[in-house]
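Here come two complexes built around chain A, the first alongside chain B, the second alongside chain C.
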Partner chain A sequence: MLAIQLAITGLQTGALYALTAVGFSLIFGSTRIFHFAHGAAFVIAAYFFYAAFGAGWGVIPAIGVSAFGAVAFGLLLDRLVYVPIQRHEGSFFTVFVASFGVGIAVQNVIGMIFGRGYVTVNTTLSRSVEVIPEVYVSPLAWIAIACAAVFLGGLGFFLKRTHTGMALRALADNPELVRTFGLNPRAIQAAAFAIGSVIVVPAAIITSATTGLSPAIGHHVMLISLAATIVGGIGSIPGTMLAGVMLGLAESLALLVVDTQWTEAVTFAILFAFIIIRPSGLLGRATAH
Partner chain B sequence: MEAYIYNLVNLIAIYSILAVTLNFIMGYAGIYSLAHAVFFGLGAYTSAFVAQNVSASILVSFPAAMLAAGVVSLALALPALRVRGEYFVAASLGLQVLSVTIYSEWKGFTGGIGGVLAIPPVNILGIDVFRPAAFAILSVTVLVLVLLIVNALVHSSFGRNLRAIRDSESAAASFGKNVPVIKTISVVISAALAALAGALYASYLSFINVESFTLDTSVLVMAMVIIGGTGTVAGPIVGAAILLILPSVISYFDFLPQTEIGSLQQIIYGLGMTLLMIFRPGGIVGRRSGT
Partner chain C sequence: MLKSLKITTAVALTALTLPAWAEDHTIGALFPLSGPNAVYGDVFMAGSDLAVEHINADGMLSGTMSIAYEDSQGLPQPAVVGMTKLVNVTGVPYTLSAFTGVSKAISTIGQRSSVVAVNGGGVGPDLAALGEYFWNVIPLVNLEVRAVVPYLTGEMGLKKMVLVYIDDPFGQAIESELETAFEGSDAELAEVLSVPVTAQQFSGVAAKVRSAKPDVVYVASYGAQQIQIVKQLRDNGVDAQIVSYSGYITPDALALPESDGMIVTGQAVDYASEDPVTKRFVTDFKARFDKDPTAYNVNYYNATLLYGLLAAALEKDGTEVTGENLLAKRLEMKTFDLVGGTVSFQDNGTLLSPIEVKQIKGGATETLDTVEIGG
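For the complex of A and B:
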């Protein structure tokens, strides 16, 4: 029974990981910008929801505030930081450091406003119900899995069938060719940031009601996003989704053998193994160099 | 006031050692590690353990710290051989997170969350060094030694090989350079020298716990290198001095919330890093055009 319980919890965690990581993977895969502040977008989305919901705004307006915060952050960062850097050089390191600096600043501003401790959004949805004997599942678990299915399915459809989606994939393959076809790479890049940032919103909100929030959660989010992106194969959105679910399941099922404080170690072990043995990831084709 | 200055000198010297050694792999070999605090911590724990159980002599506890960090750094060198750039950042971030868990759990060696108490002062030729003024001489001496070692390495053929690898790994390999060996050696040297900072830190404070060796410390050291100037000699020390003096400067301004000095410090250097990357990627000391 414990294994089933852990598998369901793992699926819930994995769904949230997939939603979180896919935004980073989309941005990094299509624009090659090492958006380390993706964790900050998650933190902003989560705390905006926490603040709006706590102020009694109701769920729907609070989701709106959260989405607005994440998208505005992504677009502003692209416009004010990444575009100017790309203008003069844009080596991996320069972009990484600039993004990293923003992440540190956001974490501390949020910490000064909301405090550095853990906060949780209280809702009856996180109360667990016994579905089959000895297996407890909260309604939020189903919401998490449903959200992942809807949003990831929607993203897949968007990338395959719409013009913007195809342009995003084209940008990943060859930015020069995109320009030749008369498309504006900068506008496509902005679209990648808007979509990549908004897709963390469901994960951020559900996390705020389940495990709770702290300003430092951004680092955890980044570790998961990087791990899922690399394990799934850089540039492969389906790979990232698969890897996200896999990491969630692995962290949860590992509790059969180890204590909770070692769950991040499990993620790290998987990431490490992939980097050493198969740097191209589950579904990737490009190699690490 | 005097005690305050000596204390600041000690901290700047210790963090400068960390920044100089991180700059060695970051600026010259292109290995961007977010796990430098791991070796700082390992050096501190090992020297504390040796000082308490074997001998507090500088000739015993300091080499032991270097040895432990050098061996464990092979765990970081392994991914560095396979991949670079974003992959390595991920691997080092993971190693940092994992190490904090180990440091918090391995109670026999690290004392868990509570930390290690009553670490004996370091002993040089029968004299216990613990007064801030005397300790400042020791810490600055160690910093100078580290600088000399790193400088000698950078200006030797080994340093040229490192820069060649940073600029183009395949080109260096095609010139017959043994890239994996060179990279491994540079990581091991960097970690072993960083452990000296840990050993100094443990004996200076006589108390250590995992709080000092978290990701925040790795980030702080990386910020010191970047703000000072990656790949320069003076940059890391300038960066360390600026970031460590910053809290006192903040407390000088009354209108700033004094309970949030730590956060303000991080916000300032976070935004400082971002602005430098936009306007002056080479850092304060670095060349105007960047690398």
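For the complex of A and C:
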């Protein structure tokens, strides 16, 4: 029964990891910007939901506020930080440092506004019920899995079947060619930030009710996003989704064989294994140098 | 003309000699001001800042006193950087410390540089053995464990415990204390689960706790993590009694609905005491923060006030305020009037205090029992 319990728990965690990581993977894969502040988008989405829900706005308006916060942050960061740096031919490292700095600034601003302590959204949906003897599942676990299926399926459809989606994939392959076809790479880049930021919203909201929040949570989000992106294959959205679920499952099922203190190490053991054995990741394309 | 010259000379001499008498006092503090443990920094500063305000208002020292805060993040590495700066650049003779790992890391610098470090927040038992320049104004967690285990197994009849602890020197110390406390009793420590310092997901841990079917779960962590553990244990179907130590008594943790019914331990402070130091502290704290003080507020108020008392005594003797002289003066004075009454240090530089066993109810704590601890 413990194995079934851990598998369900791992699936819930994996769904959240996938939702978190895919946004980062989409942005990094299509724009090549190391968007370290993706963790900050997560924090903003979570705290905006917490504030709006706590103010009695109801779930749907609070989700709207959360999505608005995340998308506005992504777009403003792109417009006010990344684009000017790229215009001056700033290096990959310059962009990374700027993004890192924004992440820290957001952490401190959130701390100033909401306090630096722990907060959580209180809901009965986070309370587990016994579905079969000795196996407990909370309604939020099903919601997390359903959200992952809907959002990630929707993203897949969007990237394959819409003009903007195809443009995003094209931008990842060859920005110059995108320009040749009369498309605006800056506008496509903005779309990548908007979509990548909004897709983090369900994970941020569910985390606010299950794990709880502190302004510093963004660093952990980034670690997981980075691990899933590399394990899945840089630039591969389906690979990142799969890697997110795989890491969540591995972290949870590892408890069957290792002590609890090693669960996080399992994630990074998998990451190192992929870097050494299969650097292109689960579904990434091998590149020749 | 001669009179003017005399006046000018007198003023000049006064101006030249004044700094020697009215020297400003700066002490250091290594508190977590950012990161997941930052909430403690706010709590600690509420106490230390109020003490500085009182010391300056009373004119206890010849100059103005202030605190140079450094952000330790609750981690040893940034704390060592901060302590090095405080000792070598700011040149403080006395510093406030918090957290077990931080205190252990900085204690060697304090010992080497003859700078006093006073801990009011870390509770690892090792903190009693960090040398003569390291003092504790908080009873350490071994005393809390010794107080709560008999209460749980005796008064409450809870015989099977699972421990969930953070994998660092503090958590390891709690594990060791609990194993010792259960030795030779009819109760058992059925399972011991350690979690990494950075972990945030505990639903898997909760599944393991549930499968062990304990009567009681002891949670030994700090900051946001300890609250996440309690919440996720409850959310994932763990209905056993949950117990923790004084570090759990923070505003965030008390406000969590899942904390209701938890047993916690902490030092006993008589806030209703009629002694002038306690009365002034309680009155001014409530007026300034609009809430009741906690033991952490008291500890850092006391740690800061202790500096004021020692430095004032040194100034009265005409002795320079250095770490070495502060230590010598503490050993000479022996007793101090601090919040909670007149206290004295043990030989290992740690204050003793009775331990209260409390229960969290409706966002506040209610005392169930007070245990006197022998030295």
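The definition used in the following text is that the second predicted complex is superposed on the first by the 279 of 289 C-alpha atoms of A that agree within 3 Å, B and C clash if a C-alpha of one lies under 4 Å from a C-alpha of the other, contacts with A are read in each partner's own complex, and residues count from 1 in each chain.
By definition in this document, a residue touches a chain if its C-beta (ideal position, glycine included) is under 8 Å from a C-beta of that chain, and two chains touch if they have at least 3 such contacts.
Quick caveat, the model's predicted, so the values are computed rather than measured.
After superposition on chain A, the partners chain B and chain C collide with one another. When the shared chain is aligned, chain C comes close enough to touch A:251, but chain B does not. Contact with chain C, but none with chain B, is seen for A:9 once the two complexes are overlaid on the shared chain. Of the two partner chains, chain C is the only one that A:128 touches; chain B does not reach it. In the superposed model, A:230 lies in contact with chain B only, and not with chain C. Judged by the touch definition given at the top, the superposed model places A:276 against chain B, while chain C stays out of reach. When the two structures are aligned on the shared chain, A:23 is found in touch with neither chain B nor chain C. By the touch criterion defined above, A:217 lies against chain C but remains apart from chain B after alignment on the C-alpha atoms of chain A. Of the two partner chains placed by the overlay, only chain B lies in contact with A:85; chain C stays clear of it.
Legend: residue contacts after superposition of the two complexes on their common chain; A:264 is shown touching both chain B and chain C. Mapped onto the common chain A, chain C and chain B collide along 164-172, the only clashing stretch among 164-172, 236-244 or 362-370. On chain A, the surface patch touched by chain B in one complex and by chain C in the other comprises residues 107-108, 111, 261, 264-265. The part of chain A that touches chain C in the complex is made up of residues 1-2, 5-6, 9-10, 12-13, 107-108, 111, 115-120, 122, 126-128, 130, 134, 136, 138, 210-212, 214-217, 220, 251-252, 255, 259-261, 263-265.
Listing the residues of chain C that touch chain A in their complex gives 34-36, 38-39, 41-42, 164, 167, 193-196, 198-201, 203-205, 207-208, 210-211, 223-224, 227-228, 231-232, 234-237, 250-253, 256-257.
Chain B contributes residues 30, 32, 78-79, 82-87, 89-91, 93-95, 97-98, 101, 104-105, 169-170, 215, 219, 222-223, 226, 230, 257, 260, 263-264, 266-267, 269-278, 281, 290-291 to its touches with chain A in the complex. Looking at the complex, you find that chain A touches chain B at residues 28, 34, 36, 81, 84-85, 88-89, 91-105, 107-109, 111-112, 219, 222-223, 226-227, 230, 234, 261-262, 264-265, 267-268, 271-272, 275-276, 279, 288-289.
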